[in-house]
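These are the structures, in structure tokens.
One chain, chain A, links the two complexes that follow: it is found with chain B in the first and with chain C in the second.
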Partner chain A sequence: MKHVLKGLVAATAMASVLATSGFAADEPKRGGTLITVLGSNVRNLNSAVQSGIVTGFPGAQLFASPLRYDEDWTPQPYLAKSWSVSEDGLKVTLNLVEGATFHDGHPITSSDVKFSVKVIQENHPFKAMFAPVESVDTPDEHTAVLNLSQPHPALMLAMSGQLMSIIPEHIYGDGQNPKSHPRNNVDVVGSGPFKLVEFKNGEHVILERYDGFFMEGRPYLDKIVMRIIVDPSARAIALENGEVHISAFESQPQIINRLKKVDSLTVTSEGYGAIGPLDWLAMNAGSDGPTGNVKVRQAIAYAVDKNFIHNAIMQGTVTDAKTGIHPDSPFYEPDVEAYELDLDKANALLDEAGFAKGDDGMRFGLTIDFGWPSAKPHVEYVKAALKKVGINVTVRASADFPTWAKRMGTMDFDLSWDAVFNWGDPVIGVHRTYVSSNIGKGVWSNTQGYSNARVDELLEMAGKENDPEKRKALYSEFQKIVAAEVPIYFANTLPYHTVYSDKVGNPPLGIWATSSPIDLMYLKD
Partner chain B sequence: MTDTPILPKEEIQKARHPMAEATEMFMKNHAAVAAAVVLMLIVLAAIFGPYIYPTDPFDMVWAPFSPPGEAGFLLGTDYLGRDLLAALIHGARVSIVIGLAAAFMSVFIGVTVGALAGFYRGYVEEILMRITEFFQVLPTLLFSMVIVALFGASLPMITFAIGIVSWTAVARITRSEFLRIRELEYVTASRASGASNGKLMFRIILPNALPPIIVQSALMVGSAILFEAGLSFLGLTDPNVVSWGQVIGSNRQYILDASYTVTIPGMAIFITVLAISLVGDGLNDALNPKLRQR
Partner chain C sequence: MNLLQTVLTRILYAVLLLIAVLVLNFSLMHLAPGDVADTISQSMGGADAEVLADIRADYGLDKPFLVQLATYIGKVAQFDLGHSFFYNTSVTGLIMQKLPATLLLVITAQVLALVVGVILGVYSARHPNGISSHFVTFLALFGYSAPVFWTGILLLIGFSLHIQWFPVAGMRDVTIEGGFWVHFIDVVRHLVLPVITLSSIFLALYSRLCRATMMEVLGSDYVRTAKAKGLTTREIVYKHALKNSLSPVVTLAGLQFSAVISGAVLVETVFGWPGLGTLAFQSIIARDTPTILGILFFSALVVIVGNLLTDLALRLIDPRVGSKG
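Let's turn to the complex of A and B:
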């Protein structure tokens, strides 16, 4: 709430300063150099072959996608000026903007769209995005028709943000492996509002306005300097000093709360709905051990106090998440079992499950894993919380991220703290965690070994249901079942925040945060 | 000492047991005595503390970040509401045990390597000293981080990682003492009277080489505690065992909100290591015969 208030105060102040023009007339202004940051090194600027939020920021500036989304989850024209879905849902036609060009002046045509779909299908880690796309027809230069094997409502979100970068066939179609193509990081020829000037890994990515961009008058900024600053404290200092205009994906509660106190900065958690990052306690539901018993899992959920996680560990920087779908998503179902703290119920469930307390007051032992340092307080908390109901939890440290990822991927765990992203449509980032066909296929698959025939059926139906209302009902039932069987105890959204100075106009507060074009962003005087 | 002139009779009668003499020298160093008392208290707390103050350091007992003194928690609570006093008391055990065990290990390796090298000389010395140099040029913290990261952060592994990187100084001191002592007349005399190599090394030379080694090992306990704190601070620690460094490491991101969560265990490490250093200093005075004659 604080940031909203602050925004209001800022707006009022602005209005009084610009007494004659008023806030609404604060017109976007051309020009200026935006200084922003990336929170880690960039492996690859080509967002058609590389996922992740660090590639997403420069990737969405360098490459345009067919659609973009407003903050209400409504698709808007971007590289496709219009689109239509056939009656049976098996044909999606994109009408491309005419006269659009790549950064080297070549026209962007439907064959580039066809090529991009093929490259993404073959190389992007999110296979579900374009899996039903069987072929792409190109009846003319500006029309691309995606032929689907089944209705695929997820396609809409998969055609936006960083997920469907249109890359030039005349550069990447030379037969080299697109994942390691030499032009991925050097001399990039993109389709988006900004072109690459310089990329020095560990230092910066510098982008410059592409004058031939297909949207008239945009982008507003002349130049974007993305400084690579890995240390969150160093980023915070740069923001406090005004050296950096905007930083997205800030996630350390202490730093977020510290920056909220800086007058010239606005700190907001808006704009991450489609990224959909969720923080949760994974339980090995497929295990032969105690976590394989649904009553044990429910007991664990009742023994963990969400309020403590939200207020003490995350210091009030997160919002509640009760299911595997991000609360900002139109498919979120808030009316599910919430597992309010109830130690008596937890004890009763454990007794029922046949795990009586021993002489020392303990019932059985479990291990808990964590994959990154900031999750350590969470697992320490779970250890302390479960001791109260007689579960002796041993924390297992992983030497590094790959060690943890391997344990998760091979389901070698009882409990683990985990964070998984929705990535737009549930088909892309949600189904993978629950469908039984994806059990134990590496980290962030169905690592919980969760298997429920009804859930499989619901997700399959929801994946091809074009009617939004019916689809919502299917997802609603799915979320209720998962909440009841708790293969995962959902804790909250990740505390991602965008921090920007009062010089920034039109910060990216849509559903894709900075994984979307910032052609509307401008710098105030 | 071989050139000490023959003393008058009354002087000879005054000569006492070397231990008594060393104790007297140690007692003259007031800082060392005070440090020894403090150290004794810390060790007692480590041994008996958990029985007197049985609160589990992993239990959440009160609201997070309660400052020291509030609600009966003498040192306050950390970010999860866990009792810092309990963490300090239980952590003392781990810190001191790791300190002692790692120091013992490095002394054991160091003395063995140094003794063999200094006694046998020749190619044995060549090989052992090259190995010592190999360990000497390795960046110690980095090397032990690699060991812990590779083989898992259990207490024995952390002890091993600290011990394996810190024995080189002991080896060098032992070797130099052996090189010096093996040429002395009493060693030659023992050899002439048929003492075996083993007896020469461990019964005759080693006891006379001990004083600098004892001082060095006392200091090593302190540095091992610091080393453990450093590793824990970096998160390379057994998360199910509380140690002082681990308390600092896990509370460090809250230093602006609740600085006492970091400064209190920090002071504990500081005081312990300082006490060990001062005691080592006192031992140096007590065991150094040249100083004794001052």
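Let's turn to the complex of A and C:
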């Protein structure tokens, strides 16, 4: 039987390979205007100073980064035609493409790379990306050498997607604050495949092919219109009636499932591995209250039924995630305590922890917070689930995001539903949640108050381990410890989906979704 | 009171009101936990603690409350609405960019609701027990009680998805090329559904009010006199009765002007209409204090001007208004 199954799997795999190659035989076509959407208003188009998925889409078209990644997490040449890391891991040399120019015709040189690193170090919200970079040498126009204080494997992913936008020194180096520079949204001079035509706040971002782009024959599209449509229902209708060709980061289960039934549309959750969005239940592990007790946290994990969250609340649109590293990442460790629903075990753990049931069948009370409306069903479910094991949960609504963020940042909570992104390498988006030096430093820091000396040590080592296998082993141990101590109950990936019409060729299904250049995307006839 | 006096008193009240609006809202915004640094960090997928501190320092959010308030009011006194924290651009510029779209939407919706409301009101007053009169009542109450965003989505599903007559969102299609009329027609096509949605709420009010006052007027002595002297029904209704039944409607329309603007927040969000409503909604979510206060300032201004115009309109309809004695 097993053999038959294997055979079947192989046959299906073959068929899909054939199908893919048949598809690839479709020659990409030059020209056309792609209509796409942004789900919220853009604050800033300069991705060297502004992170986030909304800036990421236009940002990665306007600005090129040294590297780009394929679907298998392998770095590919982009603005750097090649690169090398010294034996001791302390020097990373980038050899830039010769003849590359900014949108105003100025050549892109190593001194622009040096300048960009400095601007990012000083202004980008993710300090961990370039923290070990001590200086950048520019031996010649096309060579940039990054000198590191310690080996820094995270640098590779940090040099791709929207994270390391190469910006022109002759525009942004005029002494004005890069965060509020007047050229961030107007007359942007970029290094990427598309240049800015117009950005109208709240309306649209229009980009146009840059004819001098350093990759021969690319991009394929002539123009990209990014319409800003905030309402997800309106976006869905625009996709259905063909007004919009592609939309990424769609996250409403009802809408995703509805669009899946539309013949002319493809709906996929592929391509979000490096964005790494995770949905979880945070517990205040540093609290003096019950959640400070590891047995209580384990009991809570055993009392919550993941299947209910996946199938009833998220309607089958999510993937299971057992740890704080996205399941698509090469560092994901699936072999950890999975906390299958087990009410007996949960009750036993709570008894052991010294919280006996009172006369009314209840043990103690906890609060649960949530920061955005779509997490309300989750917290209502947790409340119901924990009642079964004698925990009386009170739902605390927040008026808006800052109210919730304040509670989280100051660790004024017992339980909270939360969603956090990996942002490429674990050093960038994962460490921040667990290292004890980052406790209570604002929203999406270590708001759980979690502290474990071994975890601190493992993350410290993994952050500077250049050998992928050894690094993987360190992250594996880290994930097992965290799963055992449950400062966080990991529920699933966020249900991000990319929806695109039949007309779209080469949709961005790599690891960075739309936070990557779409120079290969084209429109079929 | 003469016209000039009225206008001057109104302006004085308006200034006091505006100061109160600004101080009150500034304080309320300050009382709420969290600030724009949190939402900026949200838009960036999280930020390190020092980045948050930087943002707060950049916008003076680390200073004491009274200093922040005084700085702000001082700036507004010099007609400077300040800089948007979230969009890094001048608030006045931001509002001026959005105001035309909102005025286009709100005024069109208001005029449509008034005209259609009055026509329906008069019609149903003349045939109070007819089937069509009941239908008008039903339609009006339905429009009034249905939530705007629901009506909006329903219209979208009907007229953008199933019958593809109108575009889904936005104010214009940036891909079309052509002269003035091509763009004009394009904007009109985008305008239809949001205007119907927004006016649906007010249609009920106007048509019901017009119906009630019209019926009252039609039963009054002078209408009977007019009938007795042999005027046609048409002349009685449109020349005599309508003028008298219109002033409550116009008063109401003036009062509703603020409601139209608040209604626009929802309609604009559903239809992606690039106006003040969308901006207000996004600024509130982003805790962008200068922008929110700027929008409140402008909406207060629009409402005050709207009320002033209502007064003037009433004088035109009914010369007794504002005359001495």
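Here is the rule we use: the second predicted complex is superposed on the first by the 501 of 525 C-alpha atoms of A that agree within 3 Å, B and C clash if a C-alpha of one lies under 4 Å from a C-alpha of the other, contacts with A are read in each partner's own complex, and residues count from 1 in each chain.
Going forward, a residue touches a chain if its C-beta (ideal position, glycine included) is under 8 Å from a C-beta of that chain, and two chains touch if they have at least 3 such contacts.
None of these values were measured; they are calculated from a predicted model.
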Practice problem: Identify whether chain B and chain C fit side by side or clash on chain A in the overlaid structures. | Solution: fit
Practice problem: Tell me which of chain B and chain C touches more residues of chain A. | Solution: C
Quiz item: Which partner does A:R43 reach: the first (chain B), the second (chain C), both, or neither?
Solution: second
Quiz item: Once the shared chain is lined up, is A:G217 touching chain B (first), chain C (second), both, or neither of them?
Solution: neither
Quiz prompt | Which of chain B and chain C A:G105 touches, first, second, both or neither | solution = neither
Exercise. Go through the superposed model and pick first if A:P377 touches only chain B, second if only chain C, both, or neither.
Key: first
Exercise. Would you check which partner chain A:G175 touches, where first means chain B only, second means chain C only, and both and neither mean what they say?
Key: neither
Self-check item: Touched partner set for A:D400, first chain B, second chain C, both or neither
Solution: both
Self-check item: Least Cα gap, in Å, left between chain B and chain C after the two complexes are fitted on chain A
Solution: 6
Practice problem: List the residues of chain A that touch chain B in one complex and chain C in the other. | Solution: 399-400
Self-check item: Of all residues in chain B, those that touch chain A in their complex
Solution: 56, 58-60, 64, 79-82, 148-150, 152-153, 235, 237-240, 250, 253-254, 256-257
Quiz item: For chain A, which residues count as touching chain B in their complex?
Solution: 252, 254, 258, 312-313, 373, 376-377, 379-381, 383-385, 387, 394-397, 399-400
Quiz prompt | Residue numbers on chain A that touch chain C, as the complex places them | solution = 33, 35, 40-41, 43-44, 50-55, 125-128, 177, 179-180, 184-185, 200-204, 206, 225, 227-231, 233-235, 237-238, 240-241, 243, 399-407, 409, 420-421, 423, 429, 432, 438, 441-445
Self-check item: Residues of chain C that touch chain A when the two form their complex
Solution: 32-36, 38-52, 58, 86-89, 94, 97-98, 153, 156-157, 160-161, 164, 167-171, 174-175, 269-272, 274, 278-279, 282, 284-285, 287
